[in-house]
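I'd like to ask you about the structure that follows.
Per-chain numbering from 1; labels A, B, C and D assigned in written order.
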Amino acid sequence: MKIGFLGLGGMGAGMAANLIRGGHQVHLWNRSPAALEPLLALGGLAAADPVAAFDADVVISMLADDTATRAVLLDSGALDSARPGLIHLSMATLSVALIGELAERHRQRDLAFIAAPVFGRTDVAEAGKLNILAAGPAEAIAEVQPLLDLMGQKTWPLGDEPLSAAAVKIAGNFMIASAIEAMGEASALAKGFGVEPAQLLEIMGSTLFNAPVYRNYGALIAEQRYEPAAFRLVLGLKDVGLALAAGQSRHVPLPFASVLRDNLLEAVAQGDGERDWAALAQVAMRRSGQA
Amino acid sequence: MKIGFLGLGGMGAGMAANLIRGGHQVHLWNRSPAALEPLLALGGLAAADPVAAFDADVVISMLADDTATRAVLLDSGALDSARPGLIHLSMATLSVALIGELAERHRQRDLAFIAAPVFGRTDVAEAGKLNILAAGPAEAIAEVQPLLDLMGQKTWPLGDEPLSAAAVKIAGNFMIASAIEAMGEASALAKGFGVEPAQLLEIMGSTLFNAPVYRNYGALIAEQRYEPAAFRLVLGLKDVGLALAAGQSRHVPLPFASVLRDNLLEAVAQGDGERDWAALAQVAMRRSGQA
Amino acid sequence: MKIGFLGLGGMGAGMAANLIRGGHQVHLWNRSPAALEPLLALGGLAAADPVAAFDADVVISMLADDTATRAVLLDSGALDSARPGLIHLSMATLSVALIGELAERHRQRDLAFIAAPVFGRTDVAEAGKLNILAAGPAEAIAEVQPLLDLMGQKTWPLGDEPLSAAAVKIAGNFMIASAIEAMGEASALAKGFGVEPAQLLEIMGSTLFNAPVYRNYGALIAEQRYEPAAFRLVLGLKDVGLALAAGQSRHVPLPFASVLRDNLLEAVAQGDGERDWAALAQVAMRRSGQA
Amino acid sequence: MKIGFLGLGGMGAGMAANLIRGGHQVHLWNRSPAALEPLLALGGLAAADPVAAFDADVVISMLADDTATRAVLLDSGALDSARPGLIHLSMATLSVALIGELAERHRQRDLAFIAAPVFGRTDVAEAGKLNILAAGPAEAIAEVQPLLDLMGQKTWPLGDEPLSAAAVKIAGNFMIASAIEAMGEASALAKGFGVEPAQLLEIMGSTLFNAPVYRNYGALIAEQRYEPAAFRLVLGLKDVGLALAAGQSRHVPLPFASVLRDNLLEAVAQGDGERDWAALAQVAMRRSGQA
């Protein structure tokens, strides 16, 4: 099976490496070619451009956002060059609008389109332990399952409508952002009574909230360790925007997401945009005069 | 050690039972005496009134709220009747204002006051597996530690200022309410794209949010199983009010808590006040026309 | 007609002066007696205590808040000393809970209770140009109408249920606070594009929003003239709290009021509590890094 | 002076009519040609397409939104066909992003670009009484001032940067939406205490809020007269979206706008999208179970 892989940022590089290590022939493309080097060393092959990468049985795209995806897949002519029968696995976090548009374009051209966004940061991608949400034609998913198994610890099937996977990914990221904000506000409240956030967050993270999101982000907040950023706050703002836009398209008000948008925006205005999005917790501290 | 125990609702009854089973002489008082019966059968003793219950070495109060606590401990004259040296364990979820006032009153009368609110519902109380937050004089806490060990799986020490335990308890409940709201909004968003909340919540609750709060409330939301109520929504509204009041006293804005207040109020207006507070998730469904 | 007047702050002093100038015998009481001096010079009479002030045909109370009203009218025994037939005009901005309780107490003692809160600041009170909301027994209102006419430019009748006047006053203050916040956010938005708030607010205040609230507060915001305070921000926070509490008692969510509460609290935390409540507009400026 | 006019909806038709009546030669274009008929009867001339309308000294565009503006001005090639020196008056309410892009494109082609959005509904447009915000090159504005005077009662100059006028227009619409929401919440609160919204809104609209926005929308809310729509709620949702997007581009959080977005979305989900945007007030009524 000949694989094209577009988008070799922190996430994509780890995922592609696991495919190469799994014995696959992977044709790599990235806007900045420097990212290819370590993967070529592993046995990957360079594709000259997006069109070349689409000369494959399976194409995986893991581009930064809607704009990059649109530029690389559509404006470049890559998708239009694809031969019927090709399976395209879109693994980035994209807007429901773009996923809907992509699904339609693939349908028209008789290509199989699978939305397969993932949960997990770069270290998880490198370890091949992502949680993968997959929605698209059942046979196509079955065919790429060996690839998904190389990249993830588990694939969560979400039916044949790609939008379903996109919606769950967006809803999940919204839940993470909400957890960070809740920890931030709770920490500011506790601190108002002389309790260190570390104490509060350790208690909650050891009991009722004994889950990765609370333990990991709780530690960052407790230590105010916002650099280096594992996930930049401006990207969190983008993702909350995806939730708001998805909600708007279906008339679903999301008051927590609205608070998150405003608070992330404030964090950016206050200079925290390039720090880890756990820095959202600083907003509550600053507002209460405790930062 | 002679123990007085005031307040034998669902939580108090389970806690008192564990003390009695642990071999302690427990003098019980409850506004409605019927609640005493099963405990008397276990070997508990009836106290004629709050003053009688305060004729003890250690008094534990687990009354419904500020109003009940004020009536039973203060207006009844019980606290004023206490002999110097008595240790009072206040285990209910009370306002920081009342905890502050109680701490001051105990100080004036040379009584040891420990705020020791708990996490866990009635089944956890019965099993003696509560998580107990304890703040107050260190020697007093050491003295009652055997009692705390009978009621809880773990005691989390929070220093000698009772307000600290009250603040953490209130902050923790706010975090639970926030988790419910986030699940509710995320579910409404997913459903807008044809994904059943059960699917979304199972994926999230098995991975990043693999913690009791998300698994337990997630199941209730997924099944819309809001009756019988393990914790009534009106009590949740009361607890969010405690967070807002605590925040206000220290000038800590809590925008998530404000959203929670408004949404819980809407739930009450729509008839869900006596259902489990997981029914908060219905607000997002109704608003988006999906309930 | 013998009049008792309790509460001679900025508002009360102006109102009492107009009654005295109107030829009435006014028995004055204030917590701090210094406030009486200018009024005695006008011909007012000093009452020794609240009970003495209640030895009258009509009593007007204009105390700072619930706490002061409760202390002066109830705890002092003044209300209990009133003779049947007395008419009590409560003109302060009080909680619906206290107005309800006062109405009930008056009913039990056969006293006429009129809630008559006012719109207008101290200069308007001095000029006798207040807008007065009046709700209570119709005959009692008719009897005190000459007094209301001395204090206000217009009396707005709101039926015989005192709560109605209290609710309208609270709703009106909430509308003012909302107007300030809207101007503050709009100003921050305009400034983000290089437009001075003064320009925006002059255009809006000269056209669609050509009303006292927008012109007056608009000017304060445009000039960032927050001192001296005509109405202190902490009192605005109190009034928004009255709206939230009133809403809660009737299960009416008020999301704008929730935003106002959080933002006013932030303003207090940032040191603006004693400035004019137009300083609420600074919150939006600070958050966006433009203050 | 040869004038091209694109976009003859309710607003554009009234504005173009006033130009024709003022003796100008106006070349008209509209997507649906039926809208031209009454204007041709007044002496207007038909332009075959957008390019033909741009064969003029001054072009006025009053198209529905960003999408229509982009299609008609850019995709059609009309702007690219314009001869140097042409003055383009963009009078629609557009996003700051599109205004910025248009300004840049005009600069590149040596065309004068004036953003001149207006306040006023269709009846005001017909009467030539609009309030016009104008920002762009001073000489160009001076040149078209006679045209602006035919369409509006007053032109508010906002300097030479087109974005300034766009920002003020967007901020102003946000203020109107906020006023509607505040009246809606205040009405729900009053009604909870048995006070008819009509009473509350008449009192406030006659005193502190004696301005067109409050009197006009107050009457609609008081009478629940949401049809026919003078301005459809879905357009209000669009305009609040413009405010949020403008704020986001400058890192200005707008919590009131966030509440408005969520509530307008709920109104759409509940079936009020095609009613007048005063129907936003129904959201508060419904939530509190009073609709």
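By our rule, contacts are C-beta pairs under 8 Å (C-beta built on N, C-alpha and C of every residue); 3 or more make two chains touch, one makes a residue touch a chain.
Chain-to-protein mapping (UniProt): A, B, C, D = 3-hydroxyisobutyrate dehydrogenase.
Since the structure is predicted, the reported quantities are computational estimates derived from the model, not experimental observations.
The set of chains touching chain C and also touching chain D is given as A, B. By number of C-beta pairs in contact, A-D leads over the other of A-D and A-C. Annotation: 38 Å between the Cα-based centres of chain A and chain D. The distance from the centre of chain A to the centre of chain C, with each centre set as the mean of the Cα atoms, comes to 53 Å. Shared contact sites, meaning residues of chain C that touch two or more other chains, fall at 247, 251-255, 259, 262-263, 266, 269, 287-289.
In the complex of the two chains, the chain D residues touching chain C come out as 96, 119, 131, 133, 156, 158-159, 161, 163-164, 166-168, 170-172, 174-176, 178-179, 181-183, 185-190, 192-195, 199-200, 203-204, 207-214, 243, 246-247, 249-257, 259, 262-263, 284, 287-290.
Residue ranges on chain D touching chain B, taken from their complex, read 255, 266, 269-271, 287-289. Of all residues in chain D, only 241, 244, 247-248, 251-255, 258-259, 261-263, 265-266, 268-269 touch chain A in the complex they form.
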